[in-house]
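The first chain written gets the first letter, and so on, giving A, B, C, D and E; residue counts start at 1 in each chain.
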């Protein structure tokens, strides 16, 4: 896996200061979106995917584990939250908690099965697990098969914030995203994150230093899955539906794409990547039949010309870590 | 007295599909000594190390460390008991700086490694000790260099510094001098000599002058079995050792 | 028989320059490693590059072999300019390379590893001679290549290029990790090869070993050749060597 | 009971497609270290080329078996020369992404010109009809598919595992620089190998044209399953993917009989089970 | 008076349904606008189109954006039941008009019905009834189902089975296959072994075409069994080829070669299609649905932005257009019109590149669709 992150620069205090500045700029930009005339639903959706991609990036960019089944966390949390809101009638905050917890639990179970596998085998076993889950969701009555769970009530968060108001919903999603992002950022730059990087770099050596590497990978996996689930729960309020597309392998593929387009192992790359891909889906929709071709060309160009991803290339040019 | 030997094996055997890489080895390493393991290529020295540090499962035999049976213990636990190894092919964390390499080891020693909610600035308290260790192996100027960019010999030194950071009771060094220039060899030899006051060292080395100068006792392994044991002066007169390992012109 | 055959076909007349390197510069990505290397090797000679860790010895060999992305200057082999040639062409001109990190293939067994390099011209060592040199290999022919011990892998790496018939060998630290007995054997092998007309460019840390086989030495420091002398001048140069290498 | 025999037999037939496809994928992964996501698209191209050959050039099925793989193989070699070769030495992920992009482009273009519902291709006259085996009606064409693909699989296996050329290929996977420094023109060899793997995919495409609709997305649906086959067999292992391909066909056949809803999922169950027991697949080496 | 409307054709432009809806649907909408003559009467009608890529997420986001930003009043087409239902909610929330032509789910006019929705061309109930009834009456009284394992397939099977039994037939077995199955031989063997007279294909798209093709290979039709495709489009028949598809029975509500009106329209339509294909029933439904919508607008005389009001108006006017003939928009949003049972011609009978169908029977509109007393639509309870 090392070739993926060959360009990672060592993190120095100055880098951390840079990153905090970029973060502040990003938060400020996002905060003023509703006043710019940009369509907030688009941004909300992109934010959910951005958080998802960041969670995924935590696992691959810093843990060296490429999960090809991350859609299962998104979808599971989505279904559970949707069901909780619609059928159990839970308030939004509890809906989010239940959904995220379901993703965490799923992380625990699937992590237990997959974490000991290496490299491509890890990717494939996560893919297999997510396909099994897809099958279960296709068959289970509560998901309503390919029709999905529709018309989910948004409700009032903490009984105060009316989520059916786009502006309120926007800020709730934004706060959720920023919180998730900060948690990921902190994890990366924590003592735990340091060990994770060491394991990614040279696992046998880490073992010989006395680290039980499986436990570290497991924690990273569960954290990543939980945050991906959190993104899935938030998304339910934005899309107001939960459907099979969220558990399909092509969604897992899209997560990988977002992260790669933005820059694997960079802090802000996944955010940028998610916005680019979502924007592409939205704006290319007008190109009709050529949409897949254009997407294909963009991916090819990304790999051949901007291998480090958009943010990765930028960081490389500036000799900064972003 | 059990305490005299920090590490003891009996009947240690490793078989690879009918091929005995290590066979019935009884090894006793005295606390505080520098013990060398030598032998021709393919004699089973690295395999022995792998068995002792649990990177391989023995086919037979027993390993006792500080009086405790560790034959069935997982590798990370063995390391936690203070039995730490270096690798024959140099093992560093390539994209971490030298300082970070050492710090990862210090961090393990002092806990808090699962704290994903704390800032890594808490690790700064390990910096002084890390610098000290780098200084010991002559790497001060490389502290902020990523390990990939360091010359080969320096990587070996870094690996030793990392191992020392764990403050192990016993170190297993697999060809610590391989690929090093003379200056470095002398430096590392002096270092090993210095730390041996505190730690027990078991090492594999083909550089005879190093072996001769450093080791208190030497075990010669051939074809997976112990051929002889003794100090350098005695062994260099042993015909069997000459034939199997030293070759003509030594002694 | 084989020896007689070999002796009849020297690469070039003894004494002629087989390899001439002039103002060789080389880069790894952005970093400029070699800053103008100059040296030559004559047919039938054993020439050793000495220098501290990181001086650029390996990089020099790799540049000759054509596996360094960016290089400039002039490398002439058998009177052909090869600075811009691809490594497969260089190999077919009769240069064989034994890398420092050995490069044993995990997906091939020992025998396949041994037989891998294609024979570029007739006159390589036959297998039975190789096995007398390195008996360990014969025993472990069906093992996976990387399951060999460190030293056995080194033997395999040397053995496989002896088969190819290349008459110009570049060995990068061939004695690293080998037991003294084997080092002595390799010394004998090099002497034998030399007597059969092979030309050898050696990189060594083990000065004691180098001094038993080399005809001439070059000292590399910071990507430049800063000195050179013949084996016969060795004792006169011991002091210099000491400052260069700390021997 | 008789019904069960029939299911086993049709399973085997299906397995031969999996085997052919996963074989090509394994060759490409094993030799080039590229996870060829475009494999499904190239399989589809094989079928389309057969269609064009028949309808535009009047070239029949038998010649198509030969010509289509060559044409698609050349297309593959052009892809390799112009794009894939720049990824040598990089992580798998990049190859996967690039070939995924290529698959999108190829499928998109075909969809634009031929729609998504596809084109008909009929069984060659010599292989029409069927024989009654007592327990089932076996279309002759299906019998042909099994035998032909078995032969192709074994020939490929022999080429790669038992010949010197195969040894070059395997070594070049690990360390292309060194193999090149031994005097082998590695780039050309890699290009040809990619052509071979792609040609195998196209061959499977031609074989399947008379059975399935010739549709732009015919490969997209299949690619994930074929990946799974390669992983279960052990990444890059030629024999592993051949055996797993056939075995999966049979297991799927049984599932279609006992629990048909799960027949598309059973491969993943199998994968989880196999990887739990043998972490690197049935015959795989460490990743 | 405000006389501007904006129409969004939300379809699958690049995926499975692109042939039977997609760009053809956009063209049909374009033609409906031109033919309405509203422009001459002072109306401004804008048309935009989008690709939902068969993902409910993307579908809802586009729809929402259309209403919020682009000020779209009416969404048409939307094949793919999952996306159709998701968009249904948005249109209701935004009080727009939703004229669905492409989706099969009868939920749109039952459990999930909405005052803003009109469901035009077909639905699972209709398909099941028309085909099931006609075939049982023609002597096909034992059935075996090959069902795609998802809600749509299950609905088709359930509804058809009910009709079959109600008409004195018997269901002797069935097998559920996963979506996007490449190989049907296993299932076909089971169908063959069941000895049922009719093998009902309760699936769609590639699954249907592949099962038909492989059924021919296994000699199923030659062996005396009959295939009934419960959902088949013109483009599918084209794709399979007459050689293989001949003799196949199925129901559609529109065929280009039905009468002079349909022929005239189709001629104009195919002249403007890149591929030269005549319209499918989904595309025809887009045309007819919009044509009816424009009539309602004209009747309202302006202010077209209150979707519920427009739809209510559409329900009061009987439908009558050259493609589907006479019918009505029922209170639950269901549009009723005649349905036709077709059989695919032999290659020898076909006289042109798109001459595929023989008409075997007609089911009148009031019998083809869910009777109102059986509809579970909440709008009916008021």
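Throughout what follows, a contact is a pair of C-beta atoms (placed from the backbone, for glycine too) under 8 Å apart; a residue touches a chain by one contact, two chains touch by 3 or more.
The chain list, named the UniProt way, goes like this: A = Branched-chain amino acid ABC transporter permease; B, C = ABC transporter ATP-binding protein; D = Amino acid/amide ABC transporter membrane protein 1 (HAAT family).
Quick caveat: nothing in here was measured; it's all calculated off a predicted structure.
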item	value
Both-way neighbours, i.e. chains that touch chain E and touch chain B	A
Given chain B and chain D, the chains that contact each of them	A, C
Chain located farthest away, centre of chain A as origin (C-alpha)	C
Mean-CA-position distance for chain B and chain A (Å)	42
Interchain centroid distance [CA atoms averaged], chain B/chain C, Å	30
Computed distance of Cα centres, chain C from chain A, in Å	51
Shared-contact residues (touching 2 or more other chains) in chain E	14, 18, 149
Residues of chain A touching at least two other chains	139, 289-292
Inter-chain touch pairs (all)	A-B, A-D, A-E, B-C, C-D, D-E
Complex interface listing, chain B residues touching chain C	16, 19, 38-47, 88-89, 151-154, 175, 178-184, 186, 206, 208, 244-250
Contacting residues of chain E [partner chain A, same complex]	13-14, 18, 22-23, 26, 48-58, 60-62, 64-65, 68-69, 81-82, 85-86, 88-89, 105, 107, 112, 149-152, 154
Chain A residues touching chain E - in the complex, by the definition given at the top	39, 41-42, 45, 138-139, 144-148, 150-151, 239-241, 243-246, 281-282, 284-292
Chain B-facing residues of chain C, complex	52-54, 100, 136, 140, 143, 147-152, 154-155, 173, 176-185, 205, 207, 245-247
Sites on chain A touched by chain D in the complex	1, 3-4, 66, 113, 116-121, 124-125, 127-129, 131-132, 134-135, 139, 249, 253, 256-257, 260, 264, 289-293, 295-300, 302-304, 307
